[in-house]
Every structure is written in structure tokens, then in C-alpha cells.
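Think of it as A, B, C and D in the order they're written, each chain with its own count starting at 1.
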Amino acid sequence: MVRVAVIGGSGYTGGELLRLLLVHDKVEITMVTSREYAGKPISLVHPNLRGYLNLNFSQFSLDKLGDKADTVFLSLPHGVSLNYVPKILEMGMQVVDLSADFRLKDPSVYKIWYGIEHPYTDLLEKAVYGLPELHYDDLRRAKLIASPGCNATATILALAPVAYNKLASQMRFISDVKVSSSEGGAKPTEGSHHPERQNAIRPYDAEGHRHEAEAEQELSRLAGSPVKVSIVPHAVSSVRGALSSSHIWLDQPLDDMDVWRKTAEFYRGRKFIRIVRGGIHPYPDPKYVLGSNFADIGFAQERRISRLTMFSAIDNLMKGAAGQAVQSFNISNGFAEDTGLKSPPLRPV
Amino acid sequence: MVRVAVIGGSGYTGGELLRLLLVHDKVEITMVTSREYAGKPISLVHPNLRGYLNLNFSQFSLDKLGDKADTVFLSLPHGVSLNYVPKILEMGMQVVDLSADFRLKDPSVYKIWYGIEHPYTDLLEKAVYGLPELHYDDLRRAKLIASPGCNATATILALAPVAYNKLASQMRFISDVKVSSSEGGAKPTEGSHHPERQNAIRPYDAEGHRHEAEAEQELSRLAGSPVKVSIVPHAVSSVRGALSSSHIWLDQPLDDMDVWRKTAEFYRGRKFIRIVRGGIHPYPDPKYVLGSNFADIGFAQERRISRLTMFSAIDNLMKGAAGQAVQSFNISNGFAEDTGLKSPPLRPV
Amino acid sequence: MVRVAVIGGSGYTGGELLRLLLVHDKVEITMVTSREYAGKPISLVHPNLRGYLNLNFSQFSLDKLGDKADTVFLSLPHGVSLNYVPKILEMGMQVVDLSADFRLKDPSVYKIWYGIEHPYTDLLEKAVYGLPELHYDDLRRAKLIASPGCNATATILALAPVAYNKLASQMRFISDVKVSSSEGGAKPTEGSHHPERQNAIRPYDAEGHRHEAEAEQELSRLAGSPVKVSIVPHAVSSVRGALSSSHIWLDQPLDDMDVWRKTAEFYRGRKFIRIVRGGIHPYPDPKYVLGSNFADIGFAQERRISRLTMFSAIDNLMKGAAGQAVQSFNISNGFAEDTGLKSPPLRPV
Amino acid sequence: MVRVAVIGGSGYTGGELLRLLLVHDKVEITMVTSREYAGKPISLVHPNLRGYLNLNFSQFSLDKLGDKADTVFLSLPHGVSLNYVPKILEMGMQVVDLSADFRLKDPSVYKIWYGIEHPYTDLLEKAVYGLPELHYDDLRRAKLIASPGCNATATILALAPVAYNKLASQMRFISDVKVSSSEGGAKPTEGSHHPERQNAIRPYDAEGHRHEAEAEQELSRLAGSPVKVSIVPHAVSSVRGALSSSHIWLDQPLDDMDVWRKTAEFYRGRKFIRIVRGGIHPYPDPKYVLGSNFADIGFAQERRISRLTMFSAIDNLMKGAAGQAVQSFNISNGFAEDTGLKSPPLRPV
């Protein structure tokens, strides 16, 4: 049994990690922290977990952590993980960090997007970007896993086969993402107030979304040359699920079967990728992956004007956050990739 | 033209008052106040009103009010209106108060439900409870109108024909109300956070809802004897609309046609009451009154066990708040009851 | 491994059974039938199950069934199961019937509610009503399980402690139920059309809901005397989840702690019942049981007028249908009650 | 008073026309037809209109129409209007056609997109494309108005200032549209079934949407050279409202103020266009135009990689259908453009 601690356990990603780890048969949860709720029962904040665990939230401290955990999941705001990761690693524990702090390889790019000098550039190098479909081998025995952002995950998974196969000569993409409200986290804001958020179709962060940095890093690596990605997110009414519609202007129309084959080949053997094409539900829809770690990938081409759209549908709290973190954790600990992640998506919901 | 001021114009009821009064052809809006947004454009807070008015919110003050308004709509929290109403009346203006401060006639009942001695018991007497279907004549030339609460409105309108006609010997009713999120106002809370509120079916205030006091006052008056009303509200996923299902145990089954006739007779000539029975949509549903001032009234009887349920469906911001306030204002100023309230409900939405 | 067949596998209950049974480690799915989709891949109809099984739907026939299954789950319309159950039992297989055909013990009551003479009254007697919280012992080795209806489940679980403890002298209850759209099944209708159904708060079946027969049967048995139950369902906007607010007039106010204790005692040791009281989420809400087999039970009392409301929240496709069927199946086959049902509820969703 | 007939009055567009025309003070509704509901009361199908009109639906016939109407609104499926329009015009009545039958000027383009030879090419020439922001002058005294499609309206209004001002050298655009369920009409389908449609983020018609033909026709005209438009619609959970996010690759970054100024100048004096930029709600959102005829227009630029996105938000049944038809009707009859269209958007809803 791997003893795990969840640092920052009161948010939605923390709650989703608990939901998964509680029934993960290689794992024992030994510590769950929350600054705000320390001392209070976990089920007070996560009423779905009533009856599952008697643990209270505790205050975070490196001392206590030391003898309690083998792996530490950090579900903290960006800029906060930075301060703990080096010490936790020194103490010999594995870190799965769900913040953006260790996702970018190039410190100068980090500075551009996050506005500060990264204090641990050596760790940027050592960290493995926790997208198992691209970094499976690096993840075996990784000590520091930087788990990707949700919009980045959706965008990269949609575009990876295109970038890798260089399906267009101009490598610039627009990822028009539709996201559900849980992506914004558990903290109420004016914009998340139900009467304002429900029935909204609301663009936001439309002039330089930070996940573009991750997406460009990963897709450029696959293409072997610089790729430009523009992510334009839109808040829609659902609570869970995200769809990326990644639009590409082609040089000329492609053979649909060829696009399908290259996509399928790229993802061959990847347990959490399902290629969707045809049938009653011809395109991916996050509705059909809810509660699971799947990314459904598909595409549509308008041959008349050489437009290709790659779609990817994920559950933003699963493949877009906690599920993917557990998947990477599994690989790095030598467990089957889908340990604790086998439940089919819930439908309809 | 009646010059009107809206005091507390940044909330949902304030916004709805503006939406109605802006196109009301007997009214000129001269002042809209907001403590939080004073000095800022109204359309910043109410983006639906972009292009309709160039007014900024102003800070509330009795001095400025004096020469600017004939009627003052008070859309302030309970306990705040109390302090302004006597002075505004003294200055010769009409008051339409949307808070609970002047709804109850009996000061001792007020104290039980609101926990304080009412400082202006003489005004309690003078105030007219602004439910035009029950107090049309009193409303002509009323100087102080106490506009009813939304759950009270739904409950009273459902049960008035039953109380008036004494359809049961035991005059105690359970009004199981289903309410939309806008009823909770414009201020974000943990419970109104979209991921928490959407898809909830959540009972609240289930052990003594304050609107019971109003409902019992009005229904007892109609019955000529004490009536007991228990209101149990439930938050559901929609943004607008409320349904009261008011359950009654009868002494014996009634003739359905008789219930229908007594209900129709009770509301004869009332412009905003529609009796619903049969057809594709046999019972009232707030979905079909949205954006309008209608209350749709219907019923279902289970003769086998002598259970009667009276339904009433309203738009909580219209018949449950701003629409009803304008209706009362119209009557009290000698205008047709439906001035500015003629648009049919929006459907589907 | 128990070999199971799912007869009627293309609806929502069928799909939910598959979702559960696919990852149930004591079960092998050997046959899934559908009249409409015979010959077509199961994932065409249930896109959430893409990648989980390669089985096609087959046409139902008793012959083929014979050597393929140990247990048969029947997810067929009311009145259809009737014809198959006796033969399947004769062939030595166990039957878990999710229709209403074998739920009522008394043939005369069956006739009143379903309008026909029951052709197999001997089987009515043998069938076990598959509500494990009331019939755990009978379910061990049951050969014919009649799985309860969703609104009946919600109502009975809310009221069982009240009936058993005779908390009121007048044993008549109004169960005001709020139900999600998946309860209506997978077949599109005028009323289920999204623009009509979304944002509706719509009473239906309000003059004699058939689930009352089950509820009265079970609650009368517990009370030891006739109990009257009136169920008034309302369609609300969510896709999954049902809440029963079961209203009771008491003779006099009860001690809240006493109600709590009697409820907790009644359900002591029951794995899928969680008693909810106090905290941030003081009452049950189906939102917090989604995707699980839990029934959350709570209550609110208005002492002033001696009104008690018992709440129960379930996922209508789980504890209200497929989950409960699997729970009963587990018990009857000697497995732990929660085999294949351990995943915590999904939240938020 | 203009006497109007609504042919095809039982759908959502027909219902919305009725909602508007009933309170339009220059109009008298003399006939409303429906093949399916002939002889039945209009409020049976449109329960929001209960109490507004006593008219029944009638069977459509040219004879009866002749002496009853000055203007005929045709809200019929594509390919059906074709057969009636020439005769109605001959009989001297004005036609406002909400189908696609007379929107395209070039018969060869019509054939490509609709698969048949257009039988009345002379009328194609005479018809005025009823987008008043582009064809105001042509609409005065127009006898045949071809009212635009909803996705076309959203796309054209977003892109018109870009095309007119030639803001990019490569005139090809991707309009990623998010649409609500009412856009699909009143007829239930598998895809519109509430449990399937709610919480979906579902691409559809993604390989050659017919509205592209209209959009290319109008935008090419404005640009004075061929423009290519790819429309990719996505079904989201709301009932009303559509947002076009029209993406453009620029040659180089533009000055934001310049984009704003050119957009504002292009739409100067247009009553139903509101330019949105900055504030709490910096981008258009259909939520803030619901129930009104407004199109809110805004934009976001990512200067780093020269991507411009033009946003337009409309109510698909208003500016996207019935509202725009009434606007064109007003202009063509010499009424103020906003007659009967003055109510502000409903909010929140």
C-alpha cells in the first residue's frame, strides 16, 4: 500500500482525488489538509463522501507529512506549490503537483506567462509533464509529476496527431473550448453565482490563456518545430465536462480515412483514448465521459474550404485534473495505468 | 408622468423594476440608488439594460429624493426600509416597499417572526398588503404599499379559494414550494455557487419559513377563522419561477368541477390569474409564465384518499416581486392594472 | 462467476445495469437483448460504454437464454415481464424483475391499480419485494425479486421509520416528489423535448400515482395497520436524482433528537442509508448521491404546528432502479451487499 | 392596422411571432394556421399565450388567406414556402418568409446547397435578405422578405465590420457557434430528449452547414471579393440564445481601439446592435439579450499570434428568427424599426 497525502483537499480537485483514492486498492489515504477547514470532518465539505472516511482535515505541515506519506498530491493554487515541492522531494517523497508550477520546461517561457522568475529551474527540468499519452515512459519512476491543466489536456490531446503528422504546413491552431462550471473551482464569485452562470455562453480569458504555453510546448515537441496555439474558452451551463474544438486551416483537403488512421495510430494502445467517428453520436461529447478518465477524440472536415476541426471531450475534474493525476501516479508506481479508474462514465447525467 | 425612484436598484428585484418601469408609459425614472455601485453606470450591473438608460447609480439620500420623485420603490433588505418609510411618507411621496417590514398587521406577530418590536405600529395599520387579487379596493390611493414575498404570493394565491370557501374543516395546509435560484438574490454564497446549485433539489428554511406569517394572516382573514400554513421551500435548478403545491386533507372527496368553479369564481375579473385545467399541460408550470405577471392556478385531487393539491405557478421576480409591485402601483395611481405589464410570457426559455 | 443476461438493455435502466455489471467482479455478462437494436453494437446506444464490451444486442428468446445465464435481469415495460417470468423460473434461472409486475402481494390490489387480473398469483406470493432495507432476510436465496419503483423507494425509505414507530396517530402521508428527467426513460416524447422539459417545474400523475400501491403495502406492513400514502411527483430540470419530501401532521410536536434516534435505529447496519442532519448541508439532496446506491435520509419539523417532513434523496437510476437491483442480486447470491456498488457519489455534477 | 397571417404557427418561431405580434400596436392577427392542430385553440400548443387570444388554428388555404391578410409570415420548413410565395405575391400580399427558400441570390449556389433547381429564380432576385443592418434601404417597401437563418445572422453580424474593412488579407473565417436547444424546433427527436440534450456539448452539422452559403453571399458583397466562412455549431444546455465566436488569423496585430472604432462606425445608428467591450461583462453573452431583438457585438484579440475573434450574441428566436422578421416587417411598412420590440431583455433567466 502506498500511503498518500492530499494537500489542499477541500476544493473540487481535492475532493475528486479523494473520491478516487478512497476506492483505489493500492492506496491508503493518511492525511488530507485544508487551511480553511482544519479540524473539521471531510464530509462536511464533501457531502458525497459521507460514510466513507472518518478523517478530519488537518493543518498542513512538512513535519507531520514526513512520516505519514510516500506520495504527496498537491492541489494548491499556482505559485504556492513552488514553495513546498523541493523540500518534499528532499524528504524522499514522490510529488504529484496539480498546479501549473512545474509544467513548463523553459524558465524564460515560465516568466513570460507567470510573471516571475522560477526559483527552481533545475526542478523544471526533472519534472515530468504528466500527460501519459505523451510521456508514458518518462513517467515510470518519476519523482516529480507536473499534472497538466484541463484546457491544455483537451487541446493537446485533440491536436497531438495533427502536430505529430504535420497535417498542415501552417502550424497554428485555434482551440475553441467549452467548459463547465466546476473548472472554476469551489470558491463562489460574481461570475459563478447560479443566476449569472446558468444559461450563460460566456467567453473568458480570451486574450492569452496561460494553458497556451503548455500546449505550445508539447505540440512543438511533437511537431519538431514551433507550433502556435490560441485557446479561447467559453463558460457554458453544465457542471462537468470540457470540449475542445481545435480548428486548423489545411493546405488542401485530406482523406478522412487518413485522418482517422493517423489519429488511431498515434493513440494505439492508450487505454483512456477512444476514437469516435460515425454512428448516432458521430463526434465526441463530454457528456459521454463524465465521471471517467477517458478522452474521446474525433474530427470533422469541411473539404470545400480545407478546414479541419479536431474534437476532444474530457471530464475536466478527471482526465483534466484528478483522474489524470492518479493515472500518472499509477504508472510511476508500477501499477496498471487504470487502477482505480475502471468505472465506466455515468450516463445519462 | 409619475416620477419614480428605485432605492436599492442593483439587486435582481431592482433590476426587474427597472426593466418594467423603463418601458412603462406613465412613468419617468428619475433616480436609482445603490450603496455599492454609486457613481457607476446602471448597465454595468444590469447588462441587459445596455442602451436603455444613461443614468448612473446614485447614493441614497432623503434630501435628494425630495424633489425628484412622486413614488419611491424600496428594494432594500428587511429591517432597512423601516427606517426610511415614515420620513418618505411625511415628505408626501408614495412608498411601494418590497421588503417584509410592513406586511404584517399585528405587531405581536411581527415580533414573533422578526424578533424585534416594530417601531411604527401605526404604519402597520395603514399599509396595504399589495396583493391586488385580495386588496384591489384598498390599493386605490394607498400611500404605503407592502408588497408580498414571493413564496407567500404563490401560497396565498393557491389557497385563497380553498380558505374563502372553507373546502376543508381542518384549515391547515402544507405549501411545498419549488423555487428557482434568482429568489436568493444577487449576492453570491456557497449555496448559490453554480456547481453546488445546479442539479440540486435542496430543501431549505424548512422549519419555520417567515412567509408563513403573511400567508396565515391573509388566509385567516379570508376564512374568517385561524388557518395554519406550513411552507417548505426547495431549491431547484431553474433561474426563474416558483411553484407552490399546496396540500390539503379534505373531509371527503369533492366534485372536481366544483373546485374548478369556486376557484374561477373567486378570481373572476382578475387580469393576472389564469385557471389551468386539462389539455396537454394540465397543471400550472412556472415555465409558462416566465417574464410575465401571471399566476397560473390549478389543482389535482386524489379522491381515493381525499387529498387536494392546489398549484400556483409564478415568476418569482414578477408576480413574486417587481411585477406585482408595479401592478399595485398602477392601481394606486389610477392606471390600468396591467400598464407596462402586457408582454406575454417568454416561451420556450 | 454468475452468468447474467440483461433483457431490455437499450433503455436507461438497462444501460445502468450494464455500467454496474461490467465492473462487478462476481459477474459475467453473457447476453444483452433489445428488440429495436438487435444486431447492433451496445455502444451505439450507450456511448459511455465505448471500449468496455464488444457484445452486440441480441434478439430475446427463451431458448438462447437457457444455457447462457444463471440470473436474468428483466428491464421491460410493465405487463411484458409477466409473460416471461414463470418460464424463466421453471428453467431454473433466477429473475430480478425491474418492472411493476410482481411487486404487489394482493391480487385484488394489483387489479385496482393495473386494471387486469394478475395471471400468476402464486408468484406474487413467492416474489420478494427487493428493498433490502426492509427485506434483507427474505432476499437471501430469493429466486424471484421484484425490484421497487423509484418514487416508491424514495417514499418508503423516507417514511419507514415513521410508520414502524407510529409517530402519528393518523397514518396518512403526502410524498411530494421532485424527479429528474431520466426517470421518464429513454423514449423521446413531447414532454421530454429539451426546450419543454428544461426549467419546467411540472406536476404530473398527480391524481393516483401507481407507486402508491407499493408504498402503502410496505408501510402498512411496518405499521401493522393501514397506512395511506399520496404521491405527488413533479418534474424538475436535473437529469438524475429524486427527492421525496414526505409530509406528516403529528398529534403534537416531537423531540427532534427522538426522531433522529428512531430513524438511525431503524436503519442501523444498513450500508446504503446515510442519516443526514445539520452542518452545511442539513437536509438530504440527491445531488450528493449521484452515481451511487445511497439513500440519504433526513427530516425537518415545524413544532409550532406539528408538521414533520421526512426527506429521502436517491439517484433514481441507482437506488431507484439498477443499483438496488444489483444490491438485491448480491444478497440473494451470498455476495457482500455492496459488491460492485462501492464507488462514492460523483460530485459536483 | 396591418392584418397579418402567420402560416405555420405551432412551432417555436410561429409562437414567438405570435408573442410579438399580439402586442404590436400596428398589427391585427387575423389568421394562424397549423396542419397538425387545425381547429384547436392556439393556447393548447402555446400555453404562455393563455388568455391572450381566442383564435383557433386553422387549416392553411390560399383562398381564405386572400381577404384576410395584408402581410403573410411564412414559418414553414425549407422547400415548402417555395410553393406558396409566388401566388401570395400575385394576390397582392406582402410575404415575410422565415425559411431558407429565398435567401440566396445565385440560383447555382442554391442548387449546390439545397440540391434542387430553384423554380422561381426571378423571385430570388426580387427578394430582399431581411438583415436590416445590411439592407435597411432595400427593405423599405420590400414585397418579399427572406428572413435570415439564426446561425447566419450571428455569423454575419460578427464578421460584417471585418469583411467591410478588410481587416485581414486572407478572407476566411471560422464561426464556432454555440446554440441552445430551441434552435432545433418544436419536434422531439432522439437528440433533443432532455436526458440526452441537457449537459451536452455536442458538435453537429460540422462538415458543411447550409448557413455558410448565406454568410458567404453577404460577407463577400461587403468585402467586394470572395469570402470563405466555415460554421461549426455546437449544441449546449441552454434553451435560448446563440453565440458566434468568429475566428480570424490577421496578417499582424491590430490596434484594439481601431477594431472597436471600425465596428462601432459600421453599426452607427443601428438600434439593435450594442457594442460590448470592457466592464464586468467584457464580451457578448446571449444571456443578456434573451427575449429581445438585440445583437451584442464584441471582440478579443490575441496580439501575440495575431488572432482576432469577433463575438456576436443573439436570442435565436428573436434576432435569429421572429424578432428580426418583425423588424424587417416594420421597416417595409414604414413603422419605426423597433415597434413592438422595445421590451428590454429578461434577466436573469
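A few points about this structure:
Heads up, the rule we're going with is that a residue touches a chain if its C-beta (ideal position, glycine included) is under 8 Å from a C-beta of that chain, and two chains touch if they have at least 3 such contacts.
Chain by chain, the UniProt names read as follows: A, B, C, D = [LysW]-L-2-aminoadipate/[LysW]-L-glutamate phosphate reductase.
All of these numbers come straight from a predicted model, not from anything done at the bench.
Between chain B and chain C, the least number of touching-chain steps is 1. Between C-D and B-D, more C-beta contact pairs join the chains of B-D.
Ranked by separation of Cα centres from chain C, the top chain is D. Centroid to centroid, with C-alpha atoms defining each point, chain C and chain D lie 46 Å apart.
Averaged C-alpha coordinates give centres for chain B and chain D that are 36 Å from one another. Residues of chain B in contact with at least two other chains: 12, 182, 190, 195, 199, 237, 239-240, 280-281, 285, 290, 348-349.
On the chain B side of its complex with chain C, the touching residues are 172, 174, 176, 178, 190, 195-196, 199-204, 206-208, 228, 230, 232, 234, 236-243, 245, 247, 249, 280-281, 283-287, 290, 300-305, 307, 309, 311, 313, 348-349.
Listed in rising order, the residues of chain C touching chain D in the complex are 12, 181-182, 184, 186-190, 192-195, 197-199, 237, 239.
The residues of chain D lying in touch with chain B in their complex are 12, 15, 19, 22-23, 44-52, 182, 239-240, 274, 276, 279-281, 285, 288-292, 294, 296, 342-349.
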